[in-house]
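For clarity, chains are labelled A, B, C, D, E and F in written order, and residue numbers in each chain start from 1.
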Amino acid sequence: MRKTQRLLMTGAAGTIGQQIREGLADYAKTVRLSDVADLGEPGAHEEIVTCDLTDADAVRETVKGCDAILHFGGISTENRADLIHPVNIDGTYHLYEAARKEGARRILFASSNHVIGFHSRETRLTASSPIRPDSNYGVSKAYGEALASMYWDKYGIETLILRIGSCFPEPKDRRMMATWMSSADMLRLIGVMLEVPRLGCPIVYGVSDNEESWWDNSETAYLGWKPRDSSARFAHLFADDPAQDPDDPEVIYQGGKFAKAGHFED
Amino acid sequence: MRKTQRLLMTGAAGTIGQQIREGLADYAKTVRLSDVADLGEPGAHEEIVTCDLTDADAVRETVKGCDAILHFGGISTENRADLIHPVNIDGTYHLYEAARKEGARRILFASSNHVIGFHSRETRLTASSPIRPDSNYGVSKAYGEALASMYWDKYGIETLILRIGSCFPEPKDRRMMATWMSSADMLRLIGVMLEVPRLGCPIVYGVSDNEESWWDNSETAYLGWKPRDSSARFAHLFADDPAQDPDDPEVIYQGGKFAKAGHFED
Amino acid sequence: MRKTQRLLMTGAAGTIGQQIREGLADYAKTVRLSDVADLGEPGAHEEIVTCDLTDADAVRETVKGCDAILHFGGISTENRADLIHPVNIDGTYHLYEAARKEGARRILFASSNHVIGFHSRETRLTASSPIRPDSNYGVSKAYGEALASMYWDKYGIETLILRIGSCFPEPKDRRMMATWMSSADMLRLIGVMLEVPRLGCPIVYGVSDNEESWWDNSETAYLGWKPRDSSARFAHLFADDPAQDPDDPEVIYQGGKFAKAGHFED
Amino acid sequence: MRKTQRLLMTGAAGTIGQQIREGLADYAKTVRLSDVADLGEPGAHEEIVTCDLTDADAVRETVKGCDAILHFGGISTENRADLIHPVNIDGTYHLYEAARKEGARRILFASSNHVIGFHSRETRLTASSPIRPDSNYGVSKAYGEALASMYWDKYGIETLILRIGSCFPEPKDRRMMATWMSSADMLRLIGVMLEVPRLGCPIVYGVSDNEESWWDNSETAYLGWKPRDSSARFAHLFADDPAQDPDDPEVIYQGGKFAKAGHFED
Amino acid sequence: MRKTQRLLMTGAAGTIGQQIREGLADYAKTVRLSDVADLGEPGAHEEIVTCDLTDADAVRETVKGCDAILHFGGISTENRADLIHPVNIDGTYHLYEAARKEGARRILFASSNHVIGFHSRETRLTASSPIRPDSNYGVSKAYGEALASMYWDKYGIETLILRIGSCFPEPKDRRMMATWMSSADMLRLIGVMLEVPRLGCPIVYGVSDNEESWWDNSETAYLGWKPRDSSARFAHLFADDPAQDPDDPEVIYQGGKFAKAGHFED
Amino acid sequence: MRKTQRLLMTGAAGTIGQQIREGLADYAKTVRLSDVADLGEPGAHEEIVTCDLTDADAVRETVKGCDAILHFGGISTENRADLIHPVNIDGTYHLYEAARKEGARRILFASSNHVIGFHSRETRLTASSPIRPDSNYGVSKAYGEALASMYWDKYGIETLILRIGSCFPEPKDRRMMATWMSSADMLRLIGVMLEVPRLGCPIVYGVSDNEESWWDNSETAYLGWKPRDSSARFAHLFADDPAQDPDDPEVIYQGGKFAKAGHFED
């Protein structure tokens, strides 16, 4: 695979960033990592940048010289809207403006299943399904998806909109048997996103080839990404859990705890 | 997998009941078997009940104390309506009423491909396809599906509506290369139905992973059931059959002989 | 319009039968009316038959000599299943068998919106939407629809499956502003059903051209029926009603009170 | 029609607010009007409030005591994101939070055709079509739609999401022959939104019954709104316009000038 | 409406050409009429050309100087393929090549319902329905539709693909009650096709607003064409016809006699 | 598998014919090969016929005595229409007429992805997707598909319409990673087409199980064909290619170079 010259990953200190950081070396000559948190020492092929997404100028500086961007930065769980908006909304806007001005043409936008979290588990979703966000967080990701769509239609900047399920080393609860995505599948998807001749602006559900499946990626099969891992090998972790109530909102809705929770207040 | 406390199987002496009876031990502490035909000696974990589905009180007694029900009971081939109705219609009603009153919350209803038997083979069916029953038998199963739907919406009783293809040890004719379901796949589906956190009221086509495929279960992939067997290994059985006429109603319609047959009269 | 030679209407003493009895004279040389209730004196073109639908022989005798049938007979509200089944299930079976044996080729089957009563009001339904019956009554009508489908596919008997909304002289409550069907629109539909060169076995929602509309008949526009009345002129009847709770099951579901009600017990 | 006790209209000094202000008297005992711009003298049934949407406390005070809200406030044309975000994003969030805390249960959210402006004119859109915003403005409205969806699913607050075409006294250019909405049709829709027993959270295209039609409201016909006006009577206004280039982005895309324009910079 | 400078109508001596010739004066300064048959004396605004569609050079000469083309020329009923191909296939190719070379940018291609004639009457068709031609004639029109699509995608030449039902002064048989198109509705459609800012390459069913309706033009409502006539006023013509057999292929299929007929041989 | 008595392959000297010629021995007692080019010496089970598709009598003679036909003959790349039409249009007509008159009942028609070549790569296609031909060649194949449909509906001749991607020993460029079909998968499909009890007239995309996938054959899964090869093992061939421009028409459209090319002129 042809290597990207310089690949930027925002939010590199986060849960996903930590899992995939090492693997990115395969895809780019230089990997630029940014976060507000500490990123440790740079590896041989790495550059480290401290960048607050709410600072438009800093974002532009961070983007400068990069061919492609993995935008994992931002708040990635439910919180107060006045904390989420500056980072996930204004910050994402700054990132796309920086890409437009600096000529970065290909972006992975880390969206979330919480954009569609109020669909019931029985509802099979595709890239065309209506959104039903389940939280302030989910609404902020819906903004990012809309923004990516506009930058594609208007400026030709390609985005892989990735509605990530649960990207952890292993599933943390019974629900994640359906939503789990391995970091290896994430890396393979990043490879595809960088290499495919035409990316466009597809919506992809970020999930491994689990047995329980809520999401159908067939509309975006042109990308050539087929997950190879499965949560099946973790089934034993939940074998002794008590049975769940099928009428519990946490069980009814795809968003799980996010859909069940009341309003977030500090 | 968590074991069900007491699992009832009606029609336990039938073709399918005989194939899966032994395997049910894996899923439940006690398996209660009922039929009007002889069921032999009970195994260590088994209870045996003689129960006529047309007797509402007997059905209620049979259901009492069971967490979940596999309802295979009833007439399972074409026959006179005045014989089918009391068992398949009134009897199924008795079963759902018993479940409602006795608190059984999860049911597998053995429906049939003959509910959709007048679709042509070229028509790919999903859980949402319109029914087109091909016989008195098929119409009685359509009643059962409607009843299951109502008990879900109104009383929260979950049913896996299973439109069984041909569940025999091996395919009996060329058509069953498309419709065959192994008993091992049936057992795995029962395991899923008992274990999945939320079952709802899905319509599932009961068929193995055969090469010729008329039915698409992707709408119910949230269940996590993937058949593992295939009829392919039986292809030699029909290799010397004479070619079939593509314009024969038995070949045109999914219901095969049921769709072709005239009215059943004694 | 060509007149039918002899048109049978079952359930002629019912709410709808009374409203349309007179108008049928335009469509048939002889109108045969049947019911178990008193039908008064026959008009010049009328024949009156007392017929219990649970009696197969009587039904056959009633059908003999008729070209077409309007099957309004049966129990038309929620009730105990042991009362509904003999009339709505066995009785409807008798009627179709009689039609098959006596050569009646065209039937209007009075189905009901209660076949789809557990869809929410926000769900727009077409002829292809899945059923979601809301009552024993609705399930019995689902049986009739399945039976009609089978007699069409197997024996070429055409049925207009009519999912009637609320056919009364005027709407009786706020919900009927959406579901009301005038008897004049019913009569025009009967004219179309008798005259159209090919009827097939369409599912039609029986509703006037009301402003609030839950059902879409465009799939069956080949019939050429366009309702001309509207409930709009009755809006004043409910102008002073207190506001309804949008979360009341009676308001959420299309089936209204039927969907809200618990199980029917005597 | 039952009158709402107190109806709030934000953005009351705007283009649409001015057209419909007088007509609102028919629907509510008290009409509370808010804006940052001058609203003149209050009428007999009116209350006037100066309220900056970026001030959460002021918004809450403004919403207090209102049954229903028409949210027309915000920036309604393309502009810099740092101007649009505080009003259209944070401001709309403040409004929904105020509604949640103060118990207002029904909202009209003035969204815009610019949420779907990058669809071509040949693409017929329904309430389920994917969004394709054409501007910072359009993206901010996509945020508002997502927020409304979340408040419905999570808190039961009903919103009519109205994707307004062009609500002016008359069409201003050839494109508006397709997108024009009369203020009378707007008022009728407000009446429907206030009176319908169950509103839910529908997406409605705000457009009169024009001959050229890009948008299909049939999915939301349960509301009972049928526009009665048409742009046809204004055809003469554009009869002498030179022919347009079908390959001009302004003509290709539904968003017209918004889709064609480059990035907004001050 | 802005007038086209020079509008060409091929096949001007045919059934439709005769009905609309006069009316075209409203749409173009000069109307050029071509046919191999006699066209009589030209009117004040008319030019008359004798042109054989099988002669590429003659076609190019005929097209020269025209802004827009109504292509009604060719064989318009079933016939031997060796007679149909040179005119309807090669001739149509010549026409599109002439348009490409001479700069004519907008074409009405007279296709036919016989492109979809093997769909049953119960099947509602839209612009996206699969073709099912019923005759050599229908297949030749399918070629023309494919050609028009290619010239749009490749060269930007816009075509209104018009699947004409039955354009006669009045319906000639019972089937035409569903398929009839008045010449006035045809003329209005031509006006729309010439005036609409962006035509694209839509498939439109050419039919008036008849009560019986097989075809749904809603996908192309962006054109702004609404038929105003109806066959209803001709119902008396067929009132005394004997009843038709619903199982007659002429009645089953939309193509009527074309679908029923065997192969055309001289 | 039962052997066909005599299987005709037209265009046997072409690219595909050469790859599969040997393998056909498994499916038929006698294989008749026809072409205008030299076919070398016949094998033990082969008959060789020189046949020009433009000669109706010669085609009929060639078809005589054959049970089934693989119609690969004709021009298989872009060319002048006056060269393509006689072979691909008239010639295909001759073939179907010969089949009708001589009683051959099952045909594989070699159509092409260039029938749908103007769809973008992001558009997932099924058998029901609208055609968008990209060339004179593609339009001629659209004619053949329409003809096959008519011969099925009218005369009961079954055709597998095969929209071939790129059937070469290995992919020749980056695009073929998505469109490549192995000759082994082609042969398996021919086996299925000859053996399946009812073929009907399905549209199948001829492509191996490649990672990048534009086409969805699930609608025709009743055939039982599952490709087993994949282009993945050829990925190294293009690893050092320079990155492609996603806005190049050759990259945007499925038809690749055909869609990009201007008009073919000699």
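Simple rule for what comes next: a contact is a pair of C-beta atoms (placed from the backbone, for glycine too) under 8 Å apart; a residue touches a chain by one contact, two chains touch by 3 or more.
What you are looking at is a predicted structure, and each value in this text was computed from that prediction instead of being measured.
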| item | value |
| --- | --- |
| Set of chains adjacent to subunit E and to subunit F | none |
| Shared interface numbering between subunit F and subunit B [over half = same, under half = different] | different |
| Distance from subunit E to subunit D - Cα centre to Cα centre, in angstrom | 41 |
| Interchain centroid distance [CA atoms averaged], subunit B/subunit E, Å | 52 |
| Set of subunit E residues in contact with two or more other chains | none |
| Chain pairs that touch, as defined at the top of this document | A-B, A-D, A-F, B-C, B-F, C-D, C-E, D-E, E-F |
| Complex interface listing, subunit B residues touching subunit A | 1-2, 156, 158, 196-200, 202, 218-226 |
| Subunit A-touching residues of subunit F, taken from the complex the two chains share | 120-122, 124, 174-175, 177-178, 210-214, 216, 239-244, 246-247, 251-252 |
| Of subunit A, residues touching subunit D in the complex | 81-82, 85, 89-90, 93, 97, 100, 115, 118, 128, 130-136, 138-139, 142-143, 146-147, 149-150, 153-155, 259, 263 |
